[in-house]
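Both of the next two complexes hold subunit A, though its partner changes from subunit B to subunit C.
Up next is the complex of A and B:
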C-alpha cells in the first residue's frame, strides 16, 4: 500500500526533485559537479580525457580504503589506523613476493590486514575503549612496525599480478583500469550488504542507537567486531590497489591516508555520529577529495596549500555534520 | 471484605521472589499474577522494588529465590532474550527505537525476514516487501496512523515513536507485553493515543503489564492494580472498587492492604484472606 502511493508521487517532476534532494548523496554529488565545473572553467587541463582517467586512477586507493572506513564510521567508530594497516599489508606482500611466492604473499597480506583490523575491533568492542584512541595508538605502532619489518626499505614489485590493478582493462579516449572496476565492484557489493541484508540494517542500528539495538536483541559487540574485521578486507584491497598505482611497497607511503578517508566518508554524507550514510556517498566523497587535489595541481597551486585545503575541507564537512545532527536533535 | 475472582487463567506468575544487593533487599518474597487478556498496572513508591520485580519477570535479573511460572510451567530466564523467546516482550522506559531506521526496519530489527530461495539463503537478501506489507497491516490492526511505513522514525512525534515501540512488542510478544512507564515522556494528547493503543493490544488477546506513576492513567486503563510495597506485593485491587486515595494509602503504608477490597486470583487470594481473617 505504501509502495503504490510512493510510486504515484514519484511521477510528478516536483516529487522527482524532492526524491533526489532527499537522497543522502544529493549534496556530495552537487558538490562534486560544482568543483569539477569550477576547475574545468579555470584551468585548461582539468577537463581532458587524460586527466579524467588520471583522476579515477588517483582515487582508487583512497576510495577503496574509504569503503572500510565507512563501515567503521557507520557504527560510530573511527579508524585512524586504516592507512597504516594497508601499508603494513603492502610491505608484507612486497617482502614475500620478492621470494617469488605470489599466492602466499597475497594470503599473508590479507591475513595481516584482517588481523590488524580485527585487533582494533577486539580492543574496542571487548575492552570498550574509545575507537579514536585505540586506532591512534595502532596507527603509530603499525607505522613503526612496518618500518622495523622492512628496515625502512622499500620493495619493488615485479609481479604482473600484483600490479594488475594499475593496468588498463579498456583503452580509448578514457582509460579504465582494473583497479577502477574493482573499486566500483567493491562499492556495489558493500552497498548491497548494507542495504539488502539483515547485517546491514543492524550495522545502521548499532551506530544510530546501540541501546535500542541491544534491547531489541541485536548482539551489538558482535556486529561491531564484524565491521572492524570486514574493514580489514577493504584495507587489503586498497593495498593491492596501491601496488597497482606505484609498484613499490614503501613503508612510509600513505601516511595521511587516514585523514583522506575520513574526509571522503564525511564529505560523502556519512555522519561521524554513526548510523547515517553509505558507501555510494563515500565513492563520490573520495572523488571530491581527489578532484580538489588534482584541480589545485592543474591550477598550479603548491602541494602544501593543497594540504591546507584538505584540512579545511575535513573540518567543514565535520562542522556541517555536527550542525545537521544538532538541528535534528532539537 | 475481599472479592476473589475464581477461575481466571494466569499467564505469568511469580511466587516468593527474593533478591538482595548486599544489604539492600530489592525483593522480599514478591508475588505476582497476571491473568489472561488483562491490563495489570504495577504501582509502588520509589524504591518499592517494582523494577526488580519486572526485571526478574523478563530475565534481566536472576532472583536469589522464588519461582517464575509461565502458563503454569516453572521457567528460569537467564537473559531478556530467553523471556522474549518465551513470548514476553518488554518496552523499556528509554525509547527503544532506532531513529535513523524506518518503521518497518524498527519493527523487524533483530528478526528480519529473508527472501525465499537462493536469494535469501545464499545472498542473504531481505524480503523488504513482505516486511513492509506485514508491518503496514499490523499498524492498521492497532489503529496507528502514520504517513508511510517507510518513514524514518526520526520524522515521527514522541507519541508515534512510542507507538512504534509498543507495536513492535505487540507484534512479537505472543503472550505478554510489559511496558515500563510508556507515557512518562509524552504530552497529554500523545498519552491518550498510547493508552488507546495499549487497550487495543489487550483486545488482540495479549496480557499487558504497565508500570506507571500516574494514578489517573492507571485508573483509566488498568483492569487490576498490583500495589507493590517494601519489596513485595501488598495487594491487588480493582479500579472500580477503590479510589485513588486508597491505592496511595496502601502504597505508602498509611493503610493496611487488608483494609481495601482485594482482586487477587486463586491461592494468593486465599492467603491474603487468611491473613485478613487472622487479624
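Up next is the complex of A and C:
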C-alpha cells in the first residue's frame, strides 16, 4: 500500500521521502549504510573484500536464527530458547554423525529442532501461558539438556556435507560461502510467504489485533502454533550454518544467541508488540550488529565499549519504532 | 617337610597375626573416627569440576571417611552451595571441601561453618579474603600466565612482538590472574605498543573464532596470541587457518582436548592444571587437621606444568605425549 501511494504522489519529493521512510526497513538500511561508511573512512581494513566476506560469514548463524525469531515476534511472541534449541540440534547431529550416519544425524537434528520449537508453541497456545516465561523455562532446561546429552564434551565435525555451508560457493576476491547463499534464499522465501500468501496475512493479522483476526475467522491458536513450529525449521538451518562456520558441535556455544537474535529483529525494525516488521529488516539488523562489532574491533575499541554501543543502538531502534508508529497514528 | 620350611611358615603366620593385631586397633580407631566430610563443587557438567570431585571422594573413601556431596546448578550459583553448607553444618560434618562459585558470597557461611568447628578447605579458587577458609589448594593462575608469557617471548627469538589477547570477563579472579601473569611473563604492560589488540570471549570455540577473525583482519601482523582457555584457542586456530598468518598460540587448562591441539600444532603451548591434586590434597589436609596433625594454611599451588612440543631453554616443560597421560576430561 505504501508503494501505490508513493507512486501516485511521486511528483513531490517530500511525499517520495515519506513513502521511503514509512517502509519498516528504511531506518535499518540507512543505519547500516551510515555505519559502514563511517568504518570505511576511519579504518583501512574495513572496506576490503576479505572483510566484507567475513562480515557475512559472521552473520549467517545469528541471521538465520533471527528469521525464526522474527516470525515468533510478528505474532507478538518471543523465543528465548531459540539458541538453546539450535545448540541441542547441533550436538545431536554431531554425536550421531560421529557414528557415521550423516543422513540419520540430519534427520534427527531437524526432528529435535522442530519438536522443541513445537513444544514451545504447544504450551504457549494450548495452555495460554506467556511466551516469555515458557521459552525462558525451555531455554534453561534445553541448555542443561544439551550438556547432559554430551556430558559437556564437544564433537568435532569431520563430514564435508555437514560443514558444506562454511565452504566457498565462489572464491575470488570476495569469497561467497554456501551458507551466505542459504541465508539470502531463506530470507527471500520467508519474505515472500509473509507478504504474498494468505498464511502471511494471518500472521500479521494475529500479531496486530488477535481479537479482530478471530472475529474474521482466523484460527489464532493454529496460526500461532504453525509459526513456532516453522521457526524450528529455521533453527535447524541455523544449526547447520553453525557447523559449517565452526566445525565443532559444542554445548557451550551460542549462549547469548537468544538475545542476539532479538537485538537483530529489533534493530531490523520489527515491533516487539507484533504485527509490524519483516525478515528483510532482520537480515539487515543481523548485519548491523556484526558490522558494529567488527568495525569497532578494527578501530581498536575495547569489547566492553562495543557492548555499550550495541545496547544504545537497541534502545535507539525501539525509540524510533515507537516514534514512527505514534506519528502514523496521529 | 624340613625344619627350615616349618620355621618359615610359623614365622610368616606369626608376622601375619601380629600385623593383623596391630591393624585391629587402627581399624577400630578409624571406625570411631569414621567421620563425615562435605564436598561442595561447582556444576559437575564441567569435566574439570567433575574430576576434582571424583578425586576428593576417592581420597575420602581411601581414608575411610563418609562423604556428603553437593554442586551448584550453573556458573556463579552460590545460593545452592550456601544451602548445601547449611545442611552440612546441621549434619555435623568435620570438614568441608569447597570450590566456591563466588569469592565473596560464600564468606559468611564459611565463617559460620568454621565457628561450628568445621575445617574448611577451598579448592580451584579461593575466597576473598583467601584466609576466610582454613587453607586453599588451587592452580596458581598468575604463575600459569607467566609460564606461557615467557615461553612465547622465547619462541619469538628476538623478532618484533604483536600480541593479541582473547580474554574472559576480567573481573573473574582466574581470568584476571591469567591475563596479568601473561603480560608479566611476556614482559609488557597494558599500555605497551606491542599489545596489538584484545577481545572478550565467552571462553568457548565460537567466540574465540569470531574475535580472532576481527583482530587478525585489523592487525594481520599479530604473531603472538594469549587465550583464556583451550576452546578459545581452538576457535582462534580456525580463524588463523582461514585468514593465514604465523601466530604463536598459547593457552591454559590442560584438558585432554587441549593437549591434543598441542600435539596437532594448533596450540604452541598450554599450562596444565591438576584437579585431581586439588581434590586429594584438600581431603588429606582435612583428615590431618581433624586427627590433630599439622593444620594446612594459606593458598597452596596444586601444580602448573607447561605442555609443549617446542621446549625452550630455561623453562621447564613436558611434551604433549606426557600431557595426554596426565590430562583431565575426555
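The rule we apply is simple: the second predicted complex is superposed on the first by the 300 of 330 C-alpha atoms of A that agree within 3 Å, B and C clash if a C-alpha of one lies under 4 Å from a C-alpha of the other, contacts with A are read in each partner's own complex, and residues count from 1 in each chain.
Operating definition for what follows: a residue touches a chain if its C-beta (ideal position, glycine included) is under 8 Å from a C-beta of that chain, and two chains touch if they have at least 3 such contacts.
Predicted, not measured: the structure shown is a model, and the values here were computed from it.
Q: Touch test for A:198: subunit B only (first), subunit C only (second), both, or neither?
A: A:198 contacts subunit B only, not subunit C.
Q: Using the touch definition from the top, say if A:276 reaches subunit B (first), subunit C (second), both or neither.
A: The first partner, subunit B, only.
Q: As a test of reading the superposition: which chain, subunit B or subunit C, is in touch with more residues of subunit A?
A: After superposing on chain A, more of subunit A is contacted by C.
Q: Applying the document's definition of touch, where does A:322 land relative to subunit B and subunit C: first, second, both, or neither?
A: neither
Q: Just checking: does A:255 make contact with subunit B only, subunit C only, both, or neither of them? Give me first, second, both or neither.
A: Second partner only, subunit C.
Q: Once the structures are superposed on A, label A:171 by its partner contacts, choosing first (subunit B), second (subunit C), both or neither.
A: neither
Q: Report for A:213: first if it touches subunit B alone, second if subunit C alone, otherwise both or neither.
A: A:213 sits against subunit B, while subunit C stays out of touch.
Q: One more residue to check, A:12. First (subunit B), second (subunit C), both or neither?
A: In the superposed model, A:12 contacts neither subunit B nor subunit C.
Q: Both subunit B and subunit C contact which residues of subunit A?
A: none
Q: What does subunit B use to touch subunit A in their complex?
A: So the residues of subunit B touching subunit A come out as 80-81, 84, 90, 92, 94-101, 105, 108-112, 114, 123-126, 128-129, 132-133, 136, 148-150, 154, 168.
Q: For the complex, which residues does subunit A have touching subunit C?
A: Listed in rising order, the residues are 43, 45, 48, 50-51, 54, 58, 144, 147-148, 151-154, 242, 245-248, 250, 252-256, 293-294, 297-300, 302-304.
Q: Which stretch or stretches of subunit A touch subunit B in the complex?
A: Residue positions touching the partner: 1-3, 5-6, 196-199, 201-202, 204-205, 207-209, 211-213, 215-218, 275-276, 328.
Q: Report the residues of subunit C in contact with subunit A in the complex, numbered from low to high.
A: Listed in rising order, the residues of subunit C that touch subunit A are 45-47, 197-200, 202, 204-206, 209-211, 213-215, 217-218, 231, 234-235, 238, 243, 257, 329-330.
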